[in-house]
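Chain IDs A, B, C, D and E follow the sequence of writing; residue 1 opens each chain.
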């Protein structure tokens, strides 16, 4: 085989190269810091897991059927709470999502405000949201609804804004070329592009909210969350097994139903 | 040059959607709204107070959190660092484990149906388990400490990541993969050359997103003895040191913002 | 964020502020972790109370006493079943008053214990110096506050943090009494401070726990969980509530329920003074708990 | 009538999109703009409905300078100018009828359009337009179920529904294969003749331009270098537009690399 | 040499992609396949490197029946057949060099290629190939920064780097404008002549086919309806391929809707 001339090396600016080297070492340093900071005795952990395996795992697979009735009632309660909360969040997140989307407003300031609000909501721990709503409406399921609504708005708003940022703006331009005003362009050009994603994210969040056990326990909303906490405190693994089974079934059913609804609407 | 005037008889004016679709969508709509109204009624039936003082009551509590006692921040830096370290380890391990799982649960890569369906089901089940349950079960298995916390975060992140990334993989342009195959590449080479560059930016941003989630999940982990900032926050609340708690919340917020900033920068660099 | 729906139609009306008799009473219950069975319902008590009072009584179980304290502060909850420490906070913040407390094993108080491995060679509290201490969490009366206070007095430390770093070599916040005990059982810590006696709860999973772990000491008496009321509640009504609860002690059926569900023998009268000891302990930790 | 008077356009980054353009387009004409990539064809066309705004000169439509239009004036202007895009710019997830009826947005109140309460005659008009481009049987299909040529026909129907006085088409056939391209051009021409709508089209293919245009405008580097009827196109015209003499390849718009 | 012997292909859904195809292609030929959309052109070409597998008959390459190839045999086969696609199929986010060197994947060990440890001569070969299509100065650009024509040239360079005995090109110019199309065809022809690589190309445009091909194969509904040198193409050939007589439009591959 003939020898070929090699291509010229890529001309990278020194700044860029230094930047890459800096990032490389920063990452290495981060991991060194991490592993130095966290000491875990792996051998012991594994040995321990081995010893404890029989105490926990088999029991999870032998659900305590006696609690079936109660679990059913509680999970239905949880579904209603999670549904009402996610629904409110799905609506609340829309204006925030649009506010935080870069391509929806020319004002970088407004966008930044939107993003900040969403980050702030997400940084707020569940327990404090829970306390606030208990204080507002008393300890009951509705406090759970409100806590879930606000807690979910942060994540949904962020996801929504990313969806809005990814739409095809040419279509919006075509609407404007028709003489449509901003609102019309929104309804005809933007909404059809985002509705399916908004919907799937809302449903995804609904799933997560069904699992939002700790917050519901705190506000006294009842529901499956309280059961999880008590099963854990009482080391009742058999009951935990049943609760898990119930959650898996419910989430799977929701997955199935929502997939069908999505297919209709997408 | 006759401008055609549209004939406006009923028969030539079609409806916007076929009647069937219309009926179905309307039905779904009413079911959803109906269930919402029912849920609202159901969850409010035990409400005693009404909304009269809701905001006032909240105001009273919120006031107690202010002004935040920022002087505690130096003291809580250690647990914060511990939380970040836990999140780093959990996210890294989850990101590595996600790669094979996401490939196996992407329909366009794993053409062998049973394998695909199996992995997908496994991931769906993983995703259903509440983080608190994971934490409790792992404490049961490994005893208290950082390890069960990290394990819970890993499993929790794995469920989310693998789903998001397998969806990204399913959306890639398959043409370059075909081109690589046509050039004689084997499966690994095809994936590495044609698939990896396409999913890398999304992968990074999802991983960072999960990292952020993991930082916040540490609040839950504190409850089961996994340490970190969550434990400290919980202690401050229990002792009614709300201004201290607020300072910690602000610290978490700032950390999340920084991660978000880095995440955006990295994404820009990669896309 | 919360204004998006109309008022609760089913609510009977507003709960009275200051001295009026409300239509509905809400009873909040934070189960005590310092007990070997953790009850998950307040329903039987609420139902009976409602019947006797002729007022609707709603019972809600909550998992955080912070939330219950705040709810009582906002008068969203009028009657609270609060553990000792939670009561102290509620009293300090919102003037919540204790009227009754539970009686277990024939006593209105309980103790915390120091658990060590039988083969560890630790015999008395003084041997604990330089060891690893596992406690459930810092908000636990029996798991942290009382033992810490006792050790501080006995060995002359000023504050909790000082005790943790200077007396002990290391500490472990285990999240629960059971996990604290297990940490010692497994060798991750040398001493656990828990309620007396957490080992009974673990016997099923760890059959040899009674032999492998031994108690080397107890703290002073801690008053049991309270039944407290908000200051807005009408005095007459409070009196009535108190009497009804006390009357349960004569009721065969209720005694059975209380025993089965809450592990209580009886409900007895209590006064704020009994909790002074908890209050004092809390005061010691309040300001230096911030690490 | 559209009159460009000394129109110039400098993009924010300094690129000169249009230089000193003077062109008058009479009602009912079918004008094709040709030129190399980057010559300024799109800029020219998009100036007319103010998707871009020239930075100098004046641009009169029906004797009114549109360069000073803002807000509702602009929307009114756009209502009477229909536009067809290279990538059709249909809302892929909406069905054909909904896409087409979007052409009436400028004539419909905001509330009414949000609630999808169209006037019967608007729906009728939309259906009529679909019939004119022979695609009425796809009325309830989603736009993304259609082939490229069908999508472009839907976008023509959308413009027809708008009942514009002018139609602008920015490389309407660049994404289509040759037979479909001819189909689409044929429809455009037909509409131009039947409804007497002034039509301005950008094209890459000079032979296709010659086949359909009444008049050809050649652009190069932002300037108009040729403007005249098809019959006046000569070898020299090609030289002006492409910067070299005509070759056999140019008949397919082609050029071998030298 | 490539020999189709009674080759048939039925897709899983029942569509007959190929029917009874008997064709022999000698080494060094430049063959163009023409036919309507859906005629089976792609199926024909993709059978040769087994991206699709015929369901009957036998397909010999260098006297070996490739239809029974699996696994590593198949990869070895593909290594000696280069393929060019309509949409270039480059990895948009990778740079040009990385895309081109991917042509050597079949010759490189898995570990080596994942660690990006290319042999010096492979890199040199890639650079040489880029030079041959005159695009060496873009070597470090990302693929998505290039224009369509440039991307197609990169994909030709990728194939050249593969050093194949055969080149298959499935409508390599369908996404390109005419001048660029000719450029790309010219490069393909040049490589065919210089390296004596057997080249098989699908085209829509019959006139472009005539300009570059040594031999034309016409397909219709999965069958070969014409096979002969360019000189033998007559009006009748068009009839056979398109099902009607030749019209002016066919020279641009166009057809007005009747």
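General observations
Note that a contact is a pair of C-beta atoms (placed from the backbone, for glycine too) under 8 Å apart; a residue touches a chain by one contact, two chains touch by 3 or more.
Here is each chain with its UniProt name: A, B = Phosphonate ABC transporter, permease protein PhnE; D, E = Phosphonate ABC transporter ATP-binding protein.
Small disclaimer: the values here were computed from a predicted structure and weren't measured.
With contact taken as defined at the outset, chain C and chain E are each touched by A, B. Think of each touching pair as a link: the shortest run of links from chain B to chain D has 1 of them. By count of C-beta pairs in contact, A-B exceeds the other of the chain pairs A-B and A-E.
In this assembly, the chain whose C-alpha centre lies farthest from chain D is C. Per-chain CA centroids place chain B at a distance of 35 Å from chain C.
Once the centre of each chain is set as its mean CA position, chain C and chain D turn out to be 77 Å apart. If each chain is reduced to the centroid of its CA atoms, chain B and chain E end up 44 Å from each other. Within chain E, not a single residue touches two or more of the remaining chains.
Shared interface positions of chain B, defined as residues touching 2 or more other chains, are 21, 40, 44, 46-49, 51, 53-55, 57, 60-61, 143, 145, 223, 234, 237. With touch defined as above, residues shared between interfaces to two or more other chains in chain C number as follows: 2, 8, 26, 58, 66, 70, 73-74, 76, 176, 186. Listed in rising order, the residues of chain B touching chain A in the complex are 21, 24-25, 28, 32, 35-36, 38-40, 42-44, 46-49, 51, 53-55, 57-58, 60-62, 65, 81-82, 84-86, 88-89, 92, 124-125, 127-133, 136-137, 140-143, 145-147, 150, 212, 216, 219-220, 223, 233-234, 237, 245, 249, 252-253, 256-257, 260. For chain D in complex with chain A, the residues that touch the partner chain are 49, 51, 75-83, 85, 87, 89-94, 98, 102-103, 105-108, 110, 113-114, 155, 158, 162.
Residues 173, 175-176, 178-186, 188-190, 192-194, 197-198, 200-201 of chain B are the ones touching chain E in the complex. Residue ranges on chain B touching chain D, taken from their complex, read 1-4, 6-8, 12-18, 21. On the side of chain A, the complex with chain B involves touching residues 30-31, 33-35, 37-38, 40, 45, 48-49, 52-53, 55-57, 60, 80-81, 83-84, 87, 119-120, 122-128, 131-133, 135-138, 140-142, 144-145, 207, 211-214, 221, 225, 228-229, 232, 235, 237, 240, 243-244, 247-248, 251-252, 255, 261, 264-265.
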